[in-house]
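Two complexes, one shared chain (chain A), two partners (chain B, chain C).
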Partner chain A sequence: MNDQKLKIEVCVGTSCHLMGSNLIIEYLERLSEKVKAQLDIKYISCMNNCSQGPQVKVGDCQLANATPELLNDRIERILLQ
Partner chain B sequence: MAQIVSEVTKIRRKVLKEVASLLFSNQLVAGIESIPQKIISDGVHSYRCCQYKEKAILRERIKLALGVNPANYPEEITLKEIAAEVLTNDRYKPAPPFIYIIDEACDHCSIDKIIVTNACRNCVAHSCVNTCPRDAITIVGNQAFIEREKCIECGLCIKACSYRAIIEIERPCNRACSVEAIVPGEKSTVQINYDNCLGCAACTVACPFGAISFKSEITTVFKMLRNPGEQVIALLAPSLIGQFGLSINENILADGLKKLGFADAYLVAEGADQVIREEGAELRERIEENNGMMFNSCCPSFKQLVHKHFPALIDHISTTESPMLKIARRLREDQQIKTVFIGPCISKKVEAYEEGQGLIDAVLTFEELTALLVGAGINLAEIPEKASSPGPYYQSKPSNTAENFCRAGGVGAAIKQEIGQDDLRIESADGIEACIQALNKVKNRSLKADFLEGMGCQGGCIGGPGTLIKPQVARRLLTKKEKS
Partner chain C sequence: MKIRVDIGIASLSKKEEEVCGDTSRIIEGKDSVTIILSDGLGSGIKASILSILSTQIAAGLLKRKLGLEQVFATIADTLPICKVRDIAYSTLSILKINYDGTAHLIEYDNPALILVRDNQLLKINKQQRMIAGKEVFESFFRIDVDDLLILVSDGVINAGVGGLFKLGLGRERLLENIFKRDLNSESAQAVTDKIIALTDACYLGKAGDDSTSIAIKGRIPRKVVLLTGPPADQKLDKIVVENFTGIQSWKKIVCGGATGNMLSRQTGREIEISLEYTDPSVPPVASIAGIDLVTEGILTLNKALERLQHYMEGNGLKKADDGASQLAQNLYLADEITFLMGTSTNPAHKEMMESLQLKPRPVVVGHLVNVLRDMGKEVNIETY
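Let's look at the complex of A and B:
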């Protein structure tokens, strides 16, 4: 594990909210402190891909139609590397 | 009853959003036929046998989003024609019943309630065969077999099987409906018996195929907002806390509503404060005159339940109008306005139509309002907080007690506080099933209470079918606000 935190950006714009970005926020809040310590979580007001929300950026990779499961998969894969 | 954001929810929201977006860009008629293709290419997987069926179902969803009864518009009539009619017809107004079954989407799920699964090992004891009071079970092909004609669905065999190999399955819509309003339809689909239906919309949340949905009023509201001669006022239900995102407070929302075209916004909790006083006075009078228990009148599904299924108890319902009607009546006293109630509730659509004629012009769920905002290109997260105009919004600050009307137990607590008697007996029931149990107790005089609070949705309004956040989150926010 390197020292740099994994950057997570979650779109909380109204369009993504309608598609369930609140579930993503809830998922992130529920992560264990140990995992959270490795993440740098930011909430963004728009990520400019509103027709395919919720939008989440993990590192440099932007996910469309994101779900907690999809995000969990990504985070796990990167953190376990 | 509140929904998690399932794929079904997302599809409904996408349809609303697309229709709203075409409305605000004045392209509804020109663009409506392309919505199904757009939604499919935006990533809705095909769940059905083929894209044609998927599109046919989407077309029905679009008709509902336009607020019309799809049954009145057979396939020959194009979406384009319906859109043009909806926009130009001055008498267009979505009417009850609002809840509708999309036959094409219904998966015809099994109504054979008791089923033998493959876990059956054809054991030696054959407890199932032995316990069946109607000899409906025989052994066929090395497995227990239930003869449908004989089975009375008593469930004894389920308990008897040592392997739990016999299970009871029920259609999710059926299970969600406590008043038997979901009945078998033609060709093994379902139908709604509207004589029994309370409009609570629990079935719309329960169906995992999204086959039960409701007529939207977004077009009605859009037309009002676009009419320059109209002052449209938004009436926001007490359950609005956190619904539009955790960082979106009432002032930001008010700015967003103004951008959308509303002239002003009011908190319905103000009306709830008035209800607490009047309902309190009514209860005092009742107690003095020894007139028996009183029920709340604010939940339309609960009220419908009493009217349709416990008619002998109608006199128990408080005659005080609901907070929605109260505030609308007050605002209309001295202004020429149109009012739109915005809340978590689909049942309110019926209440507004049947009891609020002339008071409430339309009802939107939080979901429908958000679809309108998105369609109009308004992102609440980008409205700066300090820019919120103090304006005429939210003239008086409602009490915490009134704001708590939206959570189960909140109305009862408010009445108790208003009466100020420690020995006042309050009972509350949330969810139609619990309400039925309570009302049965009232009927056989085994419920000892002065006031019964009945809420159609589990958890109260924050558990309603038109909400955007989980009831647990809303409850947490309410508690936090109360303490601050």
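Let's look at the complex of A and C:
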């Protein structure tokens, strides 16, 4: 089941946190249960790209300087495919 | 053997008196803790002032590292004598417990200390002697882990006098109650609360005298080892991690993402970050098997320092689930703390921390060490 879900990894390390990863998390938490059920969300402590946080991985693609809007775009695009 | 104690205090004021004439005080030193119980003659404000005076003098002298005998003599000399009854205005018990397990007790006119070990009353050898013209009982003894010591003012012993019991609750009945309810196995605060509840019940809710109970329980010192920051030289990773996991401790704490990853790499144990973001200003905690608390590094350390400083300014220590509160709580409960601090730095952090005026690792750890030492804890730091 998990294999079909879209994998989202959010870096919550020091730099990414300061750059706003909590906004990303807030955004993810506010998603509807229906969307959430299609996601496999995980937090990571550092993705080794600290100077361009927040780092978020959607599927295999790693986003730098992520914002809720950017992430929303990505998720929508993939889930609607 | 090294020992520490938990202390619980409770008291009851004589019916219709606003203040309790008994005073208790705990004075923590570097290698010892001293507990004082004083009962001012009579009750109400006069008794209260006198017993506060006695304990205040004692606290001041102990801070100047005077021995118990001298402390007692000074207080005894300054205590006024009641002209009508020709007795001193205040009674006194001073118990000093050294962290090596030895104890020294001087009792003047207070009910005798109760020492319970393995649910049995232990006899303490006492010597009667004169100090500063006062007849006192002095004793030297040892305290073990799980020992229960109880100091009460005579309001407890006399509870119910002339009412429920002709001669009051009495020491024997109090002891019987302690054993019957197996108080030896309870926490210091629970023991003392139960003794005061019993006292109140004997007085049928109308206390005839101020009553105080102090329960003291021996325990092993709580040792915390905190690993934060990978070493500057990566070759040392293995040694540092082995050192950390090898130390016998009450709690093991890891602060730092890269530090957690290093530990996970070295031990092969997985690191999993909690999905609970209880406080948006503190990054979430993680878990690694065998480690009691895993948090983010710099922000959490800075926040935990803030919480402890806030506590030292006389405020309470907030209990919460976020990483910083959990860290502060664990450090607060610890008796001995060892910091294993790596000195490697993350260049991406540096810039950001400067702009946000956050303290870098060695600075925040330095401040933590100072605050914890001010709290009377034994703190060591090893850097790599």
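Basically, the second predicted complex is superposed on the first by the 78 of 81 C-alpha atoms of A that agree within 3 Å, B and C clash if a C-alpha of one lies under 4 Å from a C-alpha of the other, contacts with A are read in each partner's own complex, and residues count from 1 in each chain.
Everything that follows uses one rule, which is that a contact is a pair of C-beta atoms (placed from the backbone, for glycine too) under 8 Å apart; a residue touches a chain by one contact, two chains touch by 3 or more.
Just so you know, these numbers come straight off a predicted model, no measurement behind them.
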First, second, both or neither for A:51, with chain B first and chain C second: both
First, second, both or neither for A:22, with chain B first and chain C second: both
Touching partner for A:6 - first (chain B), second (chain C), both, neither: neither
A:14 touches, of chain B and chain C: first, second, both or neither? both
Which superposed partner A:39 touches (first chain B, second chain C, both, neither): neither
Partner chain(s) touched by A:65 [first = chain B, second = chain C, both, neither]: first
First, second, both or neither for A:78, with chain B first and chain C second: neither
Contact residues of chain A, present in both the chain B and the chain C interface: 12-15, 17-19, 21-22, 25-26, 43, 45-46, 50-51
Chain A-touching residues of chain C, taken from the complex the two chains share: 257-258, 260-261, 271, 273-275, 277, 280-281, 283-284, 286, 296-299, 346-349, 352, 356
Chain A partner contacts - residues on chain B that touch it in the complex: 4-5, 9-10, 13-14, 17, 42-43, 244-247, 256, 367, 370-371, 373-374, 378-382, 468-470, 473
Residues of chain A defined as touching chain C within the complex: 12-15, 17-19, 21-22, 25-26, 29, 41-46, 50-51
Partner chain B, residues of chain A touching it in the complex: 12-15, 17-23, 25-26, 43, 45-46, 50-52, 64-65
